[in-house]
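Order of writing sets the chain letters: A, B, C and D. Residues in each chain are counted from 1.
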Amino acid sequence: MTTTQSTLVQLDNYGPWTVTPEPRREMDLQTLQSRLFADIAQFIGGRGGYVFHTRFDNMIAVTNGINREAHTTLQESISNRYPVTISLGVDIAETPADALQGATEQIQAAGSAQDENRTEVLAGEFLDGRSVDQEPVHIAHFDVNDATGKYTDQLNEFDSFIQIERSYASLMEYMRKTHGALSFFVGGDNMIAVCPELSAEAYQDAIDNVERDVGVELKVGVGRDSTAHKAGIAAKHALEACRSHGTTVEFSEPPVSTSDDYR
Amino acid sequence: MTTTQSTLVQLDNYGPWTVTPEPRREMDLQTLQSRLFADIAQFIGGRGGYVFHTRFDNMIAVTNGINREAHTTLQESISNRYPVTISLGVDIAETPADALQGATEQIQAAGSAQDENRTEVLAGEFLDGRSVDQEPVHIAHFDVNDATGKYTDQLNEFDSFIQIERSYASLMEYMRKTHGALSFFVGGDNMIAVCPELSAEAYQDAIDNVERDVGVELKVGVGRDSTAHKAGIAAKHALEACRSHGTTVEFSEPPVSTSDDYR
Amino acid sequence: MTTTQSTLVQLDNYGPWTVTPEPRREMDLQTLQSRLFADIAQFIGGRGGYVFHTRFDNMIAVTNGINREAHTTLQESISNRYPVTISLGVDIAETPADALQGATEQIQAAGSAQDENRTEVLAGEFLDGRSVDQEPVHIAHFDVNDATGKYTDQLNEFDSFIQIERSYASLMEYMRKTHGALSFFVGGDNMIAVCPELSAEAYQDAIDNVERDVGVELKVGVGRDSTAHKAGIAAKHALEACRSHGTTVEFSEPPVSTSDDYR
Amino acid sequence: MTTTQSTLVQLDNYGPWTVTPEPRREMDLQTLQSRLFADIAQFIGGRGGYVFHTRFDNMIAVTNGINREAHTTLQESISNRYPVTISLGVDIAETPADALQGATEQIQAAGSAQDENRTEVLAGEFLDGRSVDQEPVHIAHFDVNDATGKYTDQLNEFDSFIQIERSYASLMEYMRKTHGALSFFVGGDNMIAVCPELSAEAYQDAIDNVERDVGVELKVGVGRDSTAHKAGIAAKHALEACRSHGTTVEFSEPPVSTSDDYR
């Protein structure tokens, strides 16, 4: 069984800020958003978690092993260095979708994303100190078979992107509806899904569905461990196994037990 | 008539690098990709251009007004500060898709994206010194009507993202096929399209098509000027006009003539 | 009594890299150095430590409360994202200078700073798990009295800088020789010293010495706590007390006990 | 003869901001300052200029070839992405010190550095369009002879830093008083001076003075060109010539004429 601690990072009242007093330079907004995401990725990643940029003004994180105090430090550090602030909602559940549902509700309960009086919410439930499963986080790392040969080196870049985007749109909807898994495009031809416990058949079905739907062939490596980082590294190794064996679905070996202490 | 100078930014042999000698920490890759994009956005944005992260290992830019020497400086600066290098292909055409096609071919002709001996290509045609149209760049800035009220404040963040993602997938394919326009998701509920000359009816048709296709309501402001930045700022003002007038498509006023010198 | 855990961060073979194959653009080197320092400041600062840029190719950190695993993660993350790597030497001692001496020797023992075969050293002693003093870290935060009124608003900026630089040069040498304390210029008119246990008289003597030596008047707030961050925040509050009381040396109140867990 | 265009970058009301409403985390301030400097270094460096961090809340730039519009873009971009804003004073003179004097006065005339109502000043004289000397900018790049062998590999890092700091303090005061040159420590054992026209004897005297004063041996390469970047690269090559010839002062060859266009 899986147990996901999910954190929703939401920029406070960001939309109005981008056009006040005048619409701001788009490349400055892009820079601000990307660097803010990068800083949060370093903070959460250095503590064993994963965060995805999603819509940039709302980012979704898997934060097993990261406690309330660290969340407070992140929130304070962002407000010290950026012209915007962040709210953080946190929750725990078996499936990633349920955890995110709870995390989102924590923030929604405090006010609208565009309520200028709602700033720096920090609310929700943390796994701190509770005993949990041995391998609470499952990460599936998908990529496209021979994307460079079939798309990047053949089509113009936008048409290559359309192929990848289609496969992502198909996969994200299927995994969300069928399994309560959350899938993210992470660049190139890579997609990472945070999943509940799923069989090899379930992963094969997901891949078959994308191929039927949009004609793009995927493969997947799956890792399971105590944190997103550890499960994710295991997933990457499993994906390398797909490459060397010519297989479509590979699971990582059970993890070697190591210390979880990232402090 | 429009004239787009498009630059394709392609990371050299990036896929293999991410797994050599072992798969690298995903949050480090996310940080690297986001900051590289942010730096390129600052470089190009400060000279009046626009760049979009697209797949992060391939980024698409509109570079009217940015010459070969600046491209060389960008390439050198990235190689001085990052563990990866970039190739740049550049071309000019009436439609954005044709310009990108030429830009992509410049890089493809020099070798595969995963050819380890192909590094720091800089090839193609620049607009330098040629007389061009008064308003060669057209930028359309779309957003979703009341995305905060309908999605962000109501659904869990992933389900909000699915709505936005669907509308983006629909718009990008329609604009590409129908008009040779290139559309990019830029965060929140915003999409920016680099377009050829299009009528108000053509924009209304695009919006109607997305609503029929996926049920999401968009509006759009359109700007036209000598650079992507100037056209983009005009588009943002036009989008504000949609908001205050309750309209769906607005064009900016003709631009006031000002100096183009960003040096 | 104090117990300092000090980490020396040394860029591997950096000097030769800056001129290979040709001398690199200075502004790219400045950018690289500053951002590398900023990233290390975020990593160490988010875990309760302090790091100072010193010579940028060698940075000095106070890392009480930060263990070996975190050091490993930092080293890996830098090598994933920069074109240079870092070596880390760590040691513990009563005085900051002795701790740094040991930390430096750990790296020197592994080879020269310009030995191209010596990369990513991680060596030394950590405080992990050992019982330590209640307030092992003492931080003194100095600033210049009315630097804005006397210098910034009166002189050209270089001449203002000369005044601050003189006071820093005087203070750093005095504190090093007299007390084994390490003092760093941190911008504006601020200097932060990592100190052993010192009396109010000792701090007053240091200030008097600087005034006699170079004619610049300082004041200082001193904080003591389990980590550099906590001691440093206490020192800042003490410095605010100097400002409001018109005094020259202030010690913070004993810290309220709180959890140290930054994980 | 030289002609320096100097820009003073001053953070608006920064000191009070760092302690309002409470003193902010020092590592966040260090991160903010370093990244702000890095961004300005990229902006100015990509246009052929040099900027030095000096006190971080005040930065000194050499901006020959960078016009008013670019300064406006920089100011806007910083205010879009940081929680602080910058004022810019600009002036032209034969010696760097005189240019900076004028640049500083432009900002001082608009109000105190800690006047909360004085924000985003942009004032002064630019070289735009004026005919200037062929080689208006002279850059001298100094380093310490065998700093790695004598200091870095022998002493603890703070004691190495003391040696470098002493040589910098000595050089910066001598060059300022004797020649109106502005010298900056740029990391490692490197110092860069922006100079008026000086003979080889004058540079030798400066080096001799530092050795007499603090016992540290320097050497210097001098470059002359139309921009700080070009003169600086020439200076670096001249310093390499010192290394290979075992000499103390080298001037670069006259520059090959190339386009100045960085736009």
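Everything that follows uses one rule, which is that a contact is a pair of C-beta atoms (placed from the backbone, for glycine too) under 8 Å apart; a residue touches a chain by one contact, two chains touch by 3 or more.
Here the structure is a predicted model, which is why all the values come from computation and not from measurement.
Relative to subunit A, the most remote chain by averaged C-alpha coordinates is D.
Set against one another, B-D and B-C show the most C-beta pairs in contact at B-D. For the pair subunit B and subunit C, the distance between mean C-alpha positions equals 42 Å. If you average the CA atoms of subunit B and of subunit D, the two centres end up 35 Å from each other. Counting only residues that touch two or more partner chains, subunit A has 25, 28-29, 31, 35, 42, 45-46, 77.
Taken as a graph of touching chains, this assembly is complete, with every chain in contact with every other.
Across the interface of their complex, subunit B is touched by residues 39, 42-43, 45-47, 65-67, 69-70, 73-74, 77, 259, 261-263 of subunit D. Touching subunit C in their complex are the following residues of subunit B: 24-25, 28-29, 31-32, 35, 76-77, 80-83. Listed in rising order, the residues of subunit C touching subunit D in the complex are 8, 10, 14-15, 18-19, 23, 25-31, 33-35, 37-38, 41-42, 44-46, 49-51, 53-58, 60, 97, 100-101, 103-105, 108, 112-114, 148-149, 152-162, 164-166, 169, 172-173, 176, 182, 186-189, 192, 229, 232-233, 236-237, 239-240.
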